[in-house]
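Written below as structure tokens is the structure these notes are about.
Think of it as A, B and C in the order they're written, each chain with its own count starting at 1.
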Amino acid sequence: MQAVPKIRFRDTQIEMAHGAGGKASRRLVEGLFVPLLGALPAGPLGDAAYVRMNGTRLAITTDSFVVKPLRFAGGSIGELAVNGTVNDLAVSGARAETLVVTFILEAGLPTDVLEQEVRAMAAAACRAGVVIAGGDTKVVEHGKADRMYISSSGIGRLIDGVEVSAQSVRPGDRILLSGPIGDHGITILLARGELDFEAEICSDTRSVLPLVEAIAAAAAPGIRWMRDPTRGGVATALNELALDCGLGICLAEERIPIHESVRGACELLGLEPMHIANEGQFLAVVAPEFANAALAALQAAPGGQAAAMIGEVRQQPAATVLVSTLYGGTRVIDMLVGDPLPRIC
Amino acid sequence: MRFVDEFREPELIAKAAQEIRRLADSQRHYRLMEVCGGHTHAIYRFGLKDLLPPNIELIHGPGCPVCVLPMGRIDDGLSMTEQPDVIFTAFGDMMRVPGTRGSPLEYKARGADIRLVYSPADALKLAQANPDRHVMFFAIGFETTAPSTALTLMRARAQGVRNFSVFCNHVTIIPAIRAILDSPDMRLDAFIGPGHVSTVIGCRPYEWIARHEGKPIVVSGFEPLDLLESIVMLLRQLREGRAEVENQYKRVVPWEGNRAALHAMAEVFQLRPYFEWRGMGFISQSALRLRDSYAEFDAEQRFRIPGIRVTDPKAAQCGEVLKGVLKPAQCKLFGNECTPERPVGALMVSSEGSCAAYYNYEHRKAALTALTMPAPAP
Amino acid sequence: MCLAIPGRIVELLPERENLALVEVSGVRRKIDVGLLAEDPAKAGDWVLIHVGFAMSKISERDAADQMRVLAMLGEDEAAMQEIEGYGLVHAIRR
């Protein structure tokens, strides 16, 4: 007889926070989905699942894209849908090969809007070296889908020599970041127009696979863990790692790359850059003897010139992410509760 | 960033920290209160406590305009969304503050038209762009923010806008400081004075603190160097037995305040005889309401609000934490029933509430080893 | 309380009185400069911005003065200690 799954999710209704990628999202997944969906391998939830088929190890992932507005500086929902899934596989140590996509379209959506997105997806797929092999379309009533939702699932073969897991992280490991943070989230915030700010900021959406391959070529045996810090930002991704491995993560604030304009927007709006979504970056935890080679490889690769070593793993403080400033002040940075909100106080 | 980065310069910060260690009398325990929530946030964000000797204690004051708002007022504001043509606008700070039946964001999830604005001017623009709707702006803030609300209302009148109202919850800082000093459980040596409120009211309103209460007060900026320099100035005063008002934030705060801002406030607002502050009870002459001449823009007159007093759960100790009598971690609900995800009180929701700041930035720092960053591996 | 950030006035805007375009590290927004009526802002001025309104002008001179004072922190004392060594302290200490 099967054990009765214990639902630990107590919220009576679903809120926006449950989709924001932070604590509430984690509670939903761990408290409702995992207990009920049963046959998941033991261990922490990663970006992708690993399966073995006829002796070949593959990674499979799915992601969905809900963004308003659909188009923004530097990209659109179509590109996010391709790059997001490619990136989930890349940070799981796999080379994406085939994608399938689902469109949920709002009745009344102009065809040329849809066409623009499909073209964007085709171009992104070409750049990323993946094939979109099929998909599904549903149309829902006007008012029900914010114009368009896209979901994409992808499958890929594992990159030789790369095995990532939170369990393999050790004190002394270094933390690498591929490039400047906050571009995507701030772009979306400004694109919504409610805040009436303008800036030369654009989304960083791109496939990080070439950078992952570069770091793998230089340091595969030393790569312990990777993640793409999307919703919830770098802080959420690293907090999840800290919780999963039980170790402490210590970051040096001045080493975290950020564009001046993104920094300015965050200061103006009272936002923490480390909580802002990124769509073209990844974090890698690398063993110390491989860290310099990994960083050099990233910096030498196209699009990786701003990569930096931003911190290291320590025994203490357990399960916590600590940020230190150049002048010796420290603070704990936690996971986001919901979406980052501008503040005036 | 100009006028920001210079005041985060590590060498100068080290000098200031050293000067503080030199000035602080090791036989003495200093209790300094920073009144303003923005200072509380800055202290945590910059990790300034790490730079102070252990005998300097920073106590967080009640200068968080979201934290001091009783839950009943939030319910009142949200009750206005029952009318379908109403667009409820507020700063981001308000969006997650819980009312009895949920926060603005939760009301939004249930279908209410709730929109975040960065400026009251944006709320007015929204009204002008949506003539068939009514835009209500939930105004909060101390004297820093009140002039902007006032000016917005003056512009609304000048432009003949008919579909705009303000739910005024502006509070004033001096009565809050008075309440702290009158509180029997409070023993303080000096104050780090509000920086941005002072750009409006100037430094004169604090003179009674120095003269009659004998406490030094230094009006401070918000960057690490500003706060550290302010502490240096306070320690000097204490060492020399002085009690004066000093202005550390000279580059921005005029001693006489901002006359245009004060005029705008006087034109649009008048003091309420009394107002309830969460956790602190009723304080007289401590909050603003719209003058009768601006009645057409007063949401309290336009809408029938429940006006029901909601008392906090007995176990919640928001009041004591607000007054600095208790540290956040000493409240029985802290970290258990009351967390940033499921806040019981506003101090846990507001980004400058002491409980939220402590929770997000501090409480897991307990077990620490040396924090210097090592050089990259050879 | 409250978040206020230094920004530079790029230009005064013609569409309405008291409207200016301000810039903070490349981020731009229209702000109301009506609270500076007694000492009107002009292009190039640095102002403190809070909720879309300019609250105060930033005095570059006061900022520079402050930096000078901060840079000298501790040096008065070092000089004092040297002079103390020469037994001149009572004459000089204010």
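Methods note: a residue touches a chain if its C-beta (ideal position, glycine included) is under 8 Å from a C-beta of that chain, and two chains touch if they have at least 3 such contacts.
Just so it is clear, the model here is predicted, and its values are computed rather than measured.
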Report summary line: Check: interface with higher C-beta contact count, A-C vs A-B, is A-B
Report task. Please find which chain has its CA centre nearest to the centre of all protein CA atoms in view. Result -> B
Query - Distance from chain C to chain B - Cα centre to Cα centre, in angstrom - result: 22
Query raised in the report: If you average the CA atoms of chain A and of chain C, how far apart do the two points sit, in angstrom?
Result: 39
Report task. Quick one: report the Å distance separating chain A from chain B, using the average Cα coordinate of each chain. Result -> 34
Query raised in the report: Residue numbers in chain C touching 2 or more other chains?
Result: 1-3, 5, 24-25, 50-52
Requested in this report: At least two other chains touched by the same residue of chain B: list those residues.
Outcome: 1, 4, 37-38, 64-65, 91, 118-119, 122, 141, 145, 352
Query - Sites on chain A at which at least two other chains make contact - result: 195-197, 260, 263-264, 267, 270, 343-345
**Report entry** Footprint of chain C on chain B - complex, ascending
**Finding:** 1-4, 6, 12, 15-16, 18-19, 22, 36-38, 63-65, 91, 118-122, 141-142, 144-145, 147-148, 151, 194, 196-197, 199-200, 225, 229, 232, 250-254, 258-261, 264, 352
**Report entry** Touching residues (chain side chain C, partner chain B) in the complex
**Finding:** 1-6, 8, 24-25, 32, 34-38, 46, 48, 50-53, 55-56, 58-60, 62-63, 65-67, 69-71, 73-74, 77
Query - Of chain B, residues touching chain A in the complex - result: 1, 4, 8, 10, 13-14, 17, 37-38, 44-51, 64-66, 91-93, 95-96, 105-106, 109, 115-119, 122, 141, 145, 224, 340-341, 350-352, 359-369, 371, 373-374, 376-377
Report summary line: Contacts from chain A onto chain B in the complex sit at residues 13, 15-17, 23-24, 174, 194-197, 250, 252, 255, 260, 263-264, 267, 269-270, 288-289, 291-292, 295, 309, 311-312, 314-320, 322, 324-334, 337-338, 341-345
**Report entry** chain C partner contacts - residues on chain A that touch it in the complex
**Finding:** 195-201, 260-261, 263-265, 267-268, 270, 343-345
